[in-house]
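Listed after this line are the structures, all set down as structure tokens.
You will see two complexes here that share subunit A, one where it goes with subunit B and one where it goes with subunit C.
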Partner chain A sequence: MGRYTIRRLLQLIPVLLGTTFLINYMVWQLPGDPFAGRCGQRPCPDSYVSAMRAQFGLDQPILLQYWQFLKNMLSGNLGVDFNQVPVVTQLADAWPITIRLALLAVAIEAVIGISAGVLSGLKRGGFIDNVVTISTLFLLSLPVFVTGFLLQWLLGVQFQIITPTVSDEAPIMELIVPAFVLASLNMAFTARLTRTSIVENRRSDYVRTAIAKGLTNRRVVGVHLLRNSLIPVLTFLGTEVGSLMSGAIITEGIFNIHGIGGLLYRAITGQDYTIVVPIASLLVLVYLVSNLLVDLLYGVLDPRIRYE
Partner chain B sequence: MVEVLSGPTGRGSYSGALLEVENLHVEFHTRQGVAKAVNGVTYSVNPGETLAVLGESGSGKSVTAQTIMGILDMPPGKVTGGEIRFRGVDILKLPEEQRRRIRGEGISMVFQDALSALNPVFPVGWQIAEMFRIHRGSSRSDAKKKAVELMDRVRIPGARDRVNDFPHQFSGGMRQRIMIAMAIALDPEILIADEPTTALDVTVQAQIMGLLADLQRDSNMGLILITHDLGVVADVADKIAVMYGGRIVETAPVHDLYRTPAHPYTKGLLESIPRVDLKGQELYAIKGMPPNLLEMPSGCAFHPRCPYRREDCATAVPPLYPISGTRGSACHYWREVVDGSR
Partner chain C sequence: MRVTKGAKIAAGSALLALGVAACGGGSGSSGGGGSNPRTATGTVYIRGCEPQTGFVPGNINETCGGTVNDFVYSKLVKYNPDTAAPELDQAASIDTTDNKVWTIKLKPGLKWSDGTPVTAKNYVDSWNYTAYSPNAQIGSSWFADIVGFDKVNTADPDGPDGPKQAPKPETDKLAGLEVVDDTTFKVTLAAPTAVFRTKLGYITFAPLPEAFFKDPKGFASNPVTNGPFKFVKWDHNSQIVVAANPDYAGVEKPKVKQIVYKMYKDDDAAYADLVSNNLDFTELIPPSALAGDKWKTDLGDRAIEGQQGVIQTVSFPLFDKEFGGNADFRKAISLAVDRKTITDKIFNKGRVPLDSWVSPIVEGYKAGSCGEFCTYDPVKAKDYLAKAKAAGYTPPKEFPIWYNGDSAHKEWVDAMANSINQALGADAGFTVVGRSMPTFDEFRSVITEHKIKGMFRTGWQMDYPHIEDFLNPLVKTGASSNDGLYSNKALDEKLHEADIATDQNQSVSLYQEAEAMLAQDMPTIPLWSYGLQAGTSKWVTGVKVTPFGELDPLSIAIKEA
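Here is the complex of A and B:
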């Protein structure tokens, strides 16, 4: 397992190099001059544009720019953005908020999704099963921004249970509803996946053996059935952590959360690539690492998986 | 302990047979209709006795065993009549919690395919130890120690080193030994082995049958051996119940049955075993197909395939005619079968 982990970590290097180069290349290929529109109503003077281009190295060939980007990433010094504000401090302010939001969303997905899936899978065709099937279908067919605006309006404006937007510090309590919105799609999918898995394993031979051993029903379901049924579910939850972070852009926009989603959105509209590129690269890294962790976790959950 | 396991009907104080199945009826309600899987099965087992239940797929032998264990899927399964008395108490009428305590403690079961019957994600020692932890409240380390002893007892080489291995790391025969270790962990009075050797090589089959016979002799438990293989049962069984279409068609001490079968079905089964002295001749086969449980033939379920068939076989269901004290045959013309005239 140790050798496997090292090999997988080494494999990350070419993937990271390739993806970050593509991100750099595509962003610099976008049409339009990022500095042309920065002087109010009038076009910017040529002297300003050329000075800025020189400062951010836009006059150099793409390979050289990429080399500079790699050096910056590795040294942790990301320089300043187009407004001369250090990039690192902006990221340091935004990341913790998004991570908090994403972890809360994963927790909601896991707890509600798995419980709903287990309950509906155990009594197929029962009342709970119907409720879960209908409500997950509802969530799955609604786009996230609809769910988001709907809950914001309903809970924040009509009933005034929550504040419609999240304050700057983004305390956990205010993040619950946004996290629920962010989690909604995956939660519905988790519930369905769990249900299918439970239904499939319930009639399996080892569950019959567990009953024949004279175990209590609670133990048959809670230990023997659940342990096997959760293998695909946990893998799904793990792989979705990365997409949850990038999916936060919409949710953060709706609830005015100052996480990386909002930062990324503003940077894209302002064509500020000094921020877009590091965030996109970090999202790639999160995705790769969470996938690796899931693969390793899979081996722990299912002893039949072999790493060689 | 519940009343069933101690008290007036406790170990040894009941005078009748240890386990009695009487006139059991089980149905399955399916979309195609009602499948009558078990239609009035009666048998009994005493301590130290081995009953072989013989029959082809769909004869109801496994369903009967699953009903005894209380692991039948209900629905679609449904017990529509009869009693299963364990030490004189009808366990079908017991509340679920008491039935649960009988499983493993009083009656235990070994399944056919140990690979799928063992939980793939837990070590085998853990799965055996679970019996002691749940039923006896043993500590983890005590239970594990007992698991190693049991693995030794079922002759798994290097038990101490293998106790933390997972089911997929064992061979088929070793896996079946682990199943057996788990089933005998709490010293049950009845062990039901449902086709325990069907998934195994012939040489391993003999080892497993020998192991079961040894364990039974040591602990004096009653053994119900369910099989479709006549060859497997000859050496170990005391008596045989042959099942067909959810009924027992013949019951006899094992040697009587082999010497003089008293039912056309049993006779057909015996004649379809390949024999060295008849090498080169065409092998006998019972004509026709096993009965469709959704549309049982009228009268005797075997009559469409029976060489001794007369008109009344299609109308009158044959009862289990007593032949001698311990023998019975559910054939109107059992005398002709015994005499060998066809």
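Here is the complex of A and C:
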């Protein structure tokens, strides 16, 4: 297990190098001058464009720029963005909010999704099963921004139970509704995935054996059935954490949450690669690590899976 | 018994009422009942966005930064929030006899927020700093009228793309600026410029204190200012806080203690906050609320309507044989655009059809200078198209109208294309189509490199409320924003004549004559002028919006209980 983890961690290095190079290269290839649009309908003065290009090394060849980027990344010095604001502080402001939101969303997804899936899977064709099937179908067919605007308008503007937008500090209490919106779609996925898994495994030999042994229903379901059924769900939730960490641009926009999604969106539209590249690189890292964790968790859930 | 029962009911319903009130007002920041939650702190919250640059007035060229900088910097001149007319602000007098040499006297007793006095030297230093090209300030070209500009600002011989670098300027002081005494300075312009006085209210002409020159970088994020409000803090991507400046010398004092410039990524989010009274002001009502005038029912008497000095035009690449067309062709296109229907249906009358190249709210606007050519007339449009073809111009089969896809332009561009296609009929020999480029950056790059193939949308947001600002930068030969490379000698001469005229009124009428000449060539097609839709919360009162579409920070006040 230890060696496996180390091997996987070592694999991260070439993957990171490759992806960051690609990201740098693609940003470099984007059409349009990042400083052409900064003066509106007027062209920017040459002296300004030259000074900005020199400051950000845009006048250097791409390999040199990439080398500079790697050096800065490793020394933790990300410099400033095109607005001359330190990149590190912007990331430090935005990440905690995004992480809070993502974890909350995944928690909501896991708790509601898995319990709905288990309940409906155990009583296939029953009343609960039908309710879950219909409500998940409903959630699946609603785009996130519809759910978001609807809840904001209903709870925030109409009934005034919540504030329509989240304050700058983004405390957990205010994030519940946005997290629910974010989770709504994947909650339905999780529920359906769990249900199928449960239905399938209920007929398997080990469950029959467990029942024949005279174990209580609770133990059969809670320990034998659930643990095995969770493997596909876990894979799904694992990748989900990764994608949620990249920020939820739409949800963050609707509720005005100052997270990574909005930062990334603003940077992409402004071609501000000083922000895009570090965020994208960090996201690669998040994906790789969360995938590794999921792989390791398989071993915990199913003792038959061993890593050498 | 009766009494007790009655009392019980009364008490019960009172409790119920309290409960309901608490629910109704339970939106976090608001207290219960009718009391105004803003009174306790004196703070109001307005919609904002993250500025691209910091608090250095010479380096700002976008609305997010411009708005908040206007709160904290006072200039020599300010524009009347109702009429857009220039009025003296920090200047006690601005005198000239020939529109060439200007003597500017400051009011006595003006102070910076660090307590030091505002002096003539502050103005001169600031202007010199901005104009000096090695400082790479965005606003440098604003000082090109002043004598000695070419000595402090050198051009890169082969542009920023070329390998050569701009030579170091001879000096860092504009020869045309001279400090006379603490409160007086003299400006000498290279040529008489009647509109110079009006220009002085633009943010680039603000002064900078001594503190700036000690640490320009640090100053940008923690400035010392001379305006009605002073800087308190800036949490990047979330808020900027400014507080009333107790030393502010202006006649009209701020009526609130603090303004929080709260940043929103999404206009809809800001609007939702406004409707539920968590936000006190926004000047951007989202399209979803404008549709069917929903915002007026939502906001009632909290809705503010007006005009702002922004116009939308479509330009032709006159340097391109294929898509430049000839004058008759451009007239045909203009005649085929049903401006009224588009502004009614797509903008819900939020924009006003234009019949001239100048915003209706500025000094020098003359109705109907585009005249018949800006009035929808399919029959005449066909006539002009026939004339254009007779003169030897064959339009390409597909004629695009380009726009940037990252803002809401698709709807009107498509509507305009439809309008033209319908008016010119199926036998026109070409179809007009809307085409987008992904980002504004890319769009502007293609335009400034003169590689665009088709008509393209151009908008103009006035820098100062004067007809000159809609002509010189846009249609003069070689002007900075003359994107279609239009050139007309007679027009240039007329503009020059207007520039150097010593009499204000005569200058304006010369500009109007110049504008009228545009109707012969139609280098750009005027479409509509932007209306202004803003809204306030129920906690504030007296709110005025300037013709620049910004909140007048002195107007906003908190409602008494």
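Simple rule for what comes next: the second predicted complex is superposed on the first by the 305 of 308 C-alpha atoms of A that agree within 3 Å, B and C clash if a C-alpha of one lies under 4 Å from a C-alpha of the other, contacts with A are read in each partner's own complex, and residues count from 1 in each chain.
Keep this in mind: a contact is a pair of C-beta atoms (placed from the backbone, for glycine too) under 8 Å apart; a residue touches a chain by one contact, two chains touch by 3 or more.
On a predicted model such as this, the values are computed, not experimentally measured, just so you know.
Asker: Looking at the overlay on subunit A, is there a clash between subunit B and subunit C, or do the two fit?
Answerer: Fit.
Asker: Does subunit B (first) or subunit C (second) touch A:34, or do both, or does neither?
Answerer: Second partner only.
Asker: Who does A:271 touch here: subunit B (first), subunit C (second), both, or neither?
Answerer: second
Asker: For A:83, select first, second, both or neither according to whether it touches subunit B, subunit C, the two together, or no partner.
Answerer: Touch status of A:83: second partner only.
Asker: After lining up the shared chain so the two structures overlap, which partner does A:303 touch, if you call subunit B first and subunit C second: first, second, both or neither?
Answerer: The first partner, subunit B, only.
Asker: Please work out whether A:168 is in contact with subunit B alone, subunit C alone, both, or neither, and reply first, second, both or neither.
Answerer: A:168 sits against subunit C, while subunit B stays out of touch.
Asker: May I ask you to decide whether A:188 touches subunit B, subunit C, both, or neither, giving the answer as first, second, both or neither?
Answerer: Once the two structures are laid over each other on A, A:188 reaches no partner at all.
Asker: Which partner reaches more residues of subunit A, subunit B or subunit C?
Answerer: C
Asker: Tell me which partner A:47 touches in the superposition: subunit B (first), subunit C (second), both or neither.
Answerer: The second partner, subunit C, only.
Asker: Nearest approach of subunit B to subunit C by C-alpha atoms in the superposition, in Å, rounded to an integer.
Answerer: Here the least C-alpha separation of subunit B and subunit C stands at 49 Å.
Asker: Please give the residue numbers of subunit A that touch subunit B in the complex, ascending.
Answerer: My answer: residues 203-206, 208-216, 219, 224, 227-228, 231, 301-304.
Asker: Per the contact definition, I'd like the list of subunit C residues that touch subunit A in the complex.
Answerer: Residue positions touching the partner: 23-29, 50-54, 61-62, 133-138, 140-141, 153, 155-156, 159-160, 165-166, 217, 220-221, 235-239, 263-266, 268-270, 272-273, 275-276, 278, 406, 439-446, 448, 458-461, 473, 480-481, 483.
Asker: Okay, in this complex, where on subunit B does subunit A touch?
Answerer: 69-71, 73, 100-105, 108-109, 111, 113, 116-122, 130-131, 134-135, 166, 168, 179, 182
Asker: Where on subunit A is subunit C touching in the complex?
Answerer: 30-34, 36-53, 82-85, 89-90, 93-94, 149, 152-153, 156-157, 159-165, 167-168, 252-256, 258, 262-263, 265-266, 269-271
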